[in-house]
């Protein structure tokens, strides 16, 4: 996994690429928690370049969400490929996270 | 590897797809040798769906060529992806086989 | 692998470190192809084997990367059997409980993903030291 | 894999049957990624390991699928070492000669492909039974 922070119309977006597993999820966790530390909201993660995610990746997002909730913030996900979306819905987390189709969606929403 | 015989403007084209290795090359060999048995010329193989080839695959084409040459026939290859073309040139076989970019090329040629 | 009928399986031995999970996934993905699993089922199987290895790393070996995990993968037509061997303390299946999926918290998802992917999830009681998790899946016609 | 510094390698054991070459390629492809080889070099390495295994199947074991091949793959930063172990009759590197590339005939290409991909191609003379082929490659800056 590689990770970039992309500026999209003034909104900072965490953009991981590749496979999120137990080996790479700590790197994602660090970026998300840095945003949480700055009390950023919404905390936006673009998953369009993510091809694989396991339960450690899912756990990382749950942690990020809990962190954001501590200051009334939100965590928003976008760009989920079908196999990625599927594991969120299997985990019953598709209702807990806000899943958007595009960054513009979030800006307008 | 899967293999199909495709009819292209009246010309029969052997079209393997996937990986040609020591496990799958006997299947390709059988098809090529069936063409040789019928003294078909040119013997056309379309490699555009082939993602991998090892020396057993290359050997199969050399055998097909020798078979075709026994009755004055030709063996023509088309649709080689860069990594496939590269192994033919490394083997110094790109000069021995006729390598074409399209089936129309062969029909007009 | 003695010289018997056992030419239907391969064995992958990795250090107990998450860095090697990518190798496991690559090998299991190909094994699913050889066994003719459709892509969705293959995806579930690959994820489940990743989860089983992650659990061994975390719980059986407590992140000691000098331990090893041995995967034995038996490939048949439309059927895959994966044995995950570790040398950690003995566990029983009853001890491995995921969270309720309605309880939103990090963790507790792995066992659910393993049970979703495999028809059989069991520990082999005959093993004398460590654990051997047996995972079996047959291609489901309707999901294909 | 005793509990030493050896947490930098995985071991893949396959039956000596070409059916399993796809598993080997998948694992080596991932290993090349972990070692940070660029795609062209990785392609050459994967092909070369496939050729080495094919040769063991054909020559060391004469197509007996109940024999086994053991691949030990040591992954470092920008470096890959692959050991191919068989239990066939002893061979020496001098006995493995490919054809001259100018002599067009089937076969004789494998050894050339192995030498192209690897900086070191050698048999480990210390092995007491069978053969251990040692293949080493470092990322080449200029080819990258």
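Each chain gets a letter, A, B, C and D, in the order it is written, and its residues are counted from 1.
Following the convention adopted for this analysis, a residue touches a chain if its C-beta (ideal position, glycine included) is under 8 Å from a C-beta of that chain, and two chains touch if they have at least 3 such contacts.
Since the model is a prediction, treat every value here as computed from it, not as a measurement.
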For chain A and chain C, chains touching each: none
Chain whose average C-alpha position is farthest from chain A's own: B
Length of the line joining the C-alpha centres of chain B and chain C, rounded to whole Å: 40
Chain C and chain D: spacing of chain centres that average the CA atoms, whole Å: 27
Computed distance of Cα centres, chain B from chain A, in Å: 48
Residue list for chain A, restricted to those that touch at least two other chains: none
Residue numbers of chain D (touch at least two other chains): 17, 19, 22, 25
Chain pairs in mutual contact under the definition given at the outset: A-C, B-D, C-D
Interfacial residue positions of chain C with respect to chain A in the complex: 17-19, 21-22, 25, 40, 43, 47, 50-51, 54, 57-58, 101-102, 104-107, 109-110, 112-113, 116
Touch list for chain B against partner chain D, complex: 19, 21-23, 52, 54-56, 58-60, 62-63, 66, 83, 87, 90-93, 96
In the complex with chain C, residue positions of chain D that touch it: 1, 3-15, 17, 19-20, 22-23, 25-27, 29-31, 33-34, 65-68
